[in-house]
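So, here's a batch of structures to check.
Shared chain: chain A. Partners: chain B in the first complex, chain C in the second.
So, the complex of A and B:
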């Protein structure tokens, strides 16, 4: 055993995810050792500092050229530190940071026993409305565990687009998913819906990750290695440094095709593309709205990052096999999401189907298989995640006596009651629809141009038609808010604390800036379009 | 015996698990079927590891076991809270959100 060598770890290159995981563990310790009264402030401070620190680390790495010519494979080949990974990690840190503010909001719910409470259950394990829960509420308990859970999820998401072997891909998937399943079950109001969402998300998510894992096993069987570069070598028929003894057992194409298909299936589930979208509307509707906003924005960013790396680094040699399949998925997502969204009557479900349609639009950039395609997808993800966060933050503010008023009929005439909030929501909807001068237009334009340049005109035509269908229901909500009479018993808009106001304001500013002057960010994404091999 | 037979067994177990997830109605049984799928993948990993003569697959299998244990913790927590508030663990009863 003399040849056992200590691994060579590049601590600096790995610092973003290390900071986040360290803070998450610190958060667990805070839960264990601090008195209840102090936990909330300590957790918020730790989470904010950690995510800001991780973002600074990402910026530092990018500034020292790790995103372009200094890109490397760190941690003994486990993680890639390159343009796409750093860009998406930066977006994820910001999304996480903004979500912490949304999670920490305590002025929306009416005060209980003299203490202000957040939108998470006091004792999530207790029966809703039962004596144990009433006691917990009376004692002023709150579930501050949401902050470490958020940090663990963000940590997993940071690893997911950077994963450079199949082992890290699977572990990152689980590390990001498990906290999200729990967060879904923690709503203070409508807990049955919330728990139902968690069960559905958990069972379907575990089912999908089992498929992904079996795909990992088959690809390992195919190539005899789990590293992306090694598999890509075997796919392209140049198994360079592999021992000759392996040559007899690897290279079975059936394993490659089935394994690759199962991996892509698992990732498309996380992305929420048709036909793997069934969980999206139920989970988005049932989960506590701050969690929905975080999940909708961040999971999509992380999962598309992992999908891009898998298709562009591991399976480019298989392009003629996966391209037609992804064409089908893209068209089904764009059209399916847009058409079903028309029939929705609940704001959160409407946004869920709109997110399915957006998964289709982003996939149109993914299947173009060019550097422009990667950059356009990166830009789209950055723009889309902030619009989504902003939209769900607005949903948390429109309330009646039963909590959030998510039924669309209750939003009638909101523009007359609170013109400012309705205008901001209208801005987000216009950005979803891709109207010029919003970030949505810049993103859609970049994605469709990349697809057209790559010769996928069919996708562009279907995409534009689907955008037109989608624009119909976004505009319908705007018309409902501004041009119909408010109901007498309609909901009111709660004045939030500076936390949620910051989230909504920031999202609105990002939406406008990325729409009016997108060039700087397009250039940034353009520089970040090259994967390290 | 040729190690390939273990691969056929693993494919069979995976299919049984997937069929169980789609057909069974009790959340706990569905969850057990998912675990069966994960273990089928483990069997495939270990077999491939033996066929290739390297240890990557065995190491992956260890990680999968840890992940499966973590998944049990999260999954049972969710299923038990649902059972407490509804007195049913059937996945068909969880239908408050049908369109």
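So, the complex of A and C:
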């Protein structure tokens, strides 16, 4: 057993995810050893510092050329450090950072027994409404475990788009998913709904994971390796050494097709594309709103990153096989998401269906299989994630006696009560709708142009029509906020602490800057358009 | 680079919008004066544009050009420049806005019976800020020579427009309840937005297609109008028949919705009927002109062959608009909807002139855009004053107004006569030119269009007769005449109408070279025998 060699690890190149995971473990230790009263501050400080540090590491790596000339495959072929990975990791760190602010907000809920509380259950393990919960509330407990959970999820997401072999891909998927399932179940109000959402997410997510894992197995049988480069070689007809145990199956196209399809299915589930979207509305609605915001923004970024790498690095040789399928998924997502969203009466469900439609728009860029396509998707993801975070942050602020007032009818006349907040939310909706001078337009134009460049004018036309449908329901919310009379018992807007204000303000600024002067970020995304092989 | 005059002209109202919006709730009057001040400053700058514009022989087609890199990745440049048509349209826009602000001086004040919901709700400030915002975007779209840049403002102006329609009504609709009126207003606003948004998105697909087509054939994709025109003239760029037609359709549908052309017009009567008079003027006299302007500049300029191919259909649609709009105007019970249908008829004339592809036709169409703007403003604003006095838009609620308010009735009559193109007033010149231009190429179309004039006389005179003459309707005995502010708004417009009717030469001098350029874009010359040039018109 002495021939076991220590793996050769490029510590610097992997530093972003290492920092985040290290901090997550530290967070667990804080939970174990620090007194309750100090945990909140310690956790917030650790999470903020870790994500800021990870972002700094990403910037450092990108500045030293790891995104372009120096891009490499690190961790013995397990992880890629290249343009797309670094760009998405940067976005993910920022999204995580902003989400920490949302998670840490403690001024929205009315103070309980003299202590200010956040949006998360006091004792998640206690039966909702039971004596244990009351005890916990009385004692002023809060669930500070959310911060390490968030960090673990971000860590998994950092690995997901960088994964360069199928096993790492699967592990990253689990690392990012499991904390999310838990976070979904932690709402302080409407706990049953929240737990139902978590169970639903978990069950369907487990299915998706199983699909993905099965796909991994089949591809291993096909290629004799799980590394992306190795599989790509076999697909293109230049296999390395033949594994003796797999001689019977290697190179069997049926395995490749079925395995590839299962992999893509698993990823499309995470992305929330039609027909793998069923979980989205329920989970978005049930989860605590800060978690929904984080999940909606970050999961999409990570999963699209992984999908891009898989399609562009492993399966470009199968382009003719997967392209028609993805065309179908794209069109179904764009149209399906937009059409179903029209009938929604709950803000969070509405945003969920809108996210499905947006998954379709992003897929339009993915299918184009050009460098432009990659960078347009990267840009879209960056722009979209901030709009999403901002929109959900606004949702956390509109409240009545029952907590967040998410039913649309309650939003009537919000523009009269709080013109500023309603205007900002209108800005986010317009960005979702892709109105010029917002980031949403720049992103939409980028992906549609990439698609048109690649000859997919049909997708562009469908996309444009779907945008028109989508615009209808975004506008409907704006009408409701500004042109309807406020109801007497309507919700009020809570004055948040600087934490949430920062999130909303930042998201609004990013939305406008990316809309008016996107060049710098387009350049960044443009440089990040090449995958390392 | 010299002083960026066009940018300054567009930026002034934009800055004005921000400043006006920032005025505290209690200082309503200050906000109004500020808005007026900024709109007047814009007039000064627009006048400077007019003066700096060189109409001499051999002058550049696009002048006062500015060019800066903007989104290099998309091939988008911040390129501004005006030809004679653009100058005229910018001048019209800048000129009308102060009148609209003056006419809408008290339109957005909180009504006495309604307490403001919060101290932060500032409808008055918002109203004027939105008007200025629309002005800025309209000026930019008249000045943009980069197609993408044009698209951005073409589309973005929908948002402030939408809030103007949906947020501020004249509370004089057929619905009795406050809530019912609000519902109608928001219906009109949404209809406006959806129609135009769909048009805009179709255009977006065409814009992307255009870029891809240029990227295929030129060293790199471009949105620059000048670059595309040059490349086509040099034979480096040829879209191919099929592509060109699709792209043309994408652009044309967007502009035909905006213009609006039958059968894409149905949003206009709703939008104009429900909004306050100044906003209705803003829609029909300013914003909609972007549509017809863009047909001239982009449809004909970029896709000459497809334009030629589509001409029979477009002319038919224009004729239908003329007759249909006029007939429906005859049947309206609501004053503002009547004027809206009259506008649809007039837009038919403008489109007819553009697609007649003669110098008189297109010159006339351009003059028509100006004259229609001024004439509709005069008529609609006076109608707005009248409606504000009585609180009803229904024609049947009025009668004999000239007995108690003779000045109001007189200005209303002049506005109406301008609308029916009475000789001596501005619209006559343009309508005549359009008809001559059409007749010289398409005789039948010219004849049908003439019917529109007769119908116009009918709907205007019947409107006047029912509201202003006859016995005084009960409830109107104490109807006050025009106030000084209102007179100050209407009188200059009427003076302008008379001036344009008697001496249109300054305007034609500016417009004609641009029309020649457009005609040469589509490789058309006036049909033989040589008809008199535009200057020869009465």
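Everything below uses one rule, namely that the second predicted complex is superposed on the first by the 519 of 533 C-alpha atoms of A that agree within 3 Å, B and C clash if a C-alpha of one lies under 4 Å from a C-alpha of the other, contacts with A are read in each partner's own complex, and residues count from 1 in each chain.
By definition in this document, a residue touches a chain if its C-beta (ideal position, glycine included) is under 8 Å from a C-beta of that chain, and two chains touch if they have at least 3 such contacts.
Treat the numbers as computed from the prediction; the structure is a model and nothing was measured.
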item: Chain B versus chain C as contact partner of A:509, first or second or both or neither; value: neither
item: Chain B versus chain C as contact partner of A:167, first or second or both or neither; value: first
item: First, second, both or neither for A:125, with chain B first and chain C second; value: first
item: Touched partner set for A:417, first chain B, second chain C, both or neither; value: second
item: First, second, both or neither for A:278, with chain B first and chain C second; value: neither
item: Interface residues of chain A shared between complexes with chain B and chain C; value: none
item: Chain A partner contacts - residues on chain B that touch it in the complex; value: 7, 10, 14, 17-18, 21, 27, 30-31, 34, 37-38, 40-41, 44-45, 47-49, 51-54, 56-57, 59-60, 63-64, 67, 70-71, 74-75, 77-79, 81-82, 84-86, 91, 94-97, 99
item: Of chain A, residues touching chain B in the complex; value: 124-125, 127-128, 166-167, 170-171, 174, 178, 181-182, 185, 191-193, 195-200, 202-203, 206-207, 210-211, 213-214, 216-218, 220-221, 224-226, 245-246, 249-250, 281-282, 285-286, 343-344, 349
item: Chain C contact footprint on chain A (complex, rising order); value: 413, 416-420, 430, 435-437, 441-442, 445-446, 448-449, 452-453, 457, 460-461, 464-465, 467-468, 471-472, 475-476, 479, 482-486, 518-519, 522-523, 526
item: Partner chain A, residues of chain C touching it in the complex; value: 69-74, 117-118, 120-122, 151-153, 155-156, 158-159, 162-163, 166-167, 178-179, 182, 185-186, 189-190, 193-194, 197-198, 201-202, 204-205, 208-209, 211-212, 215
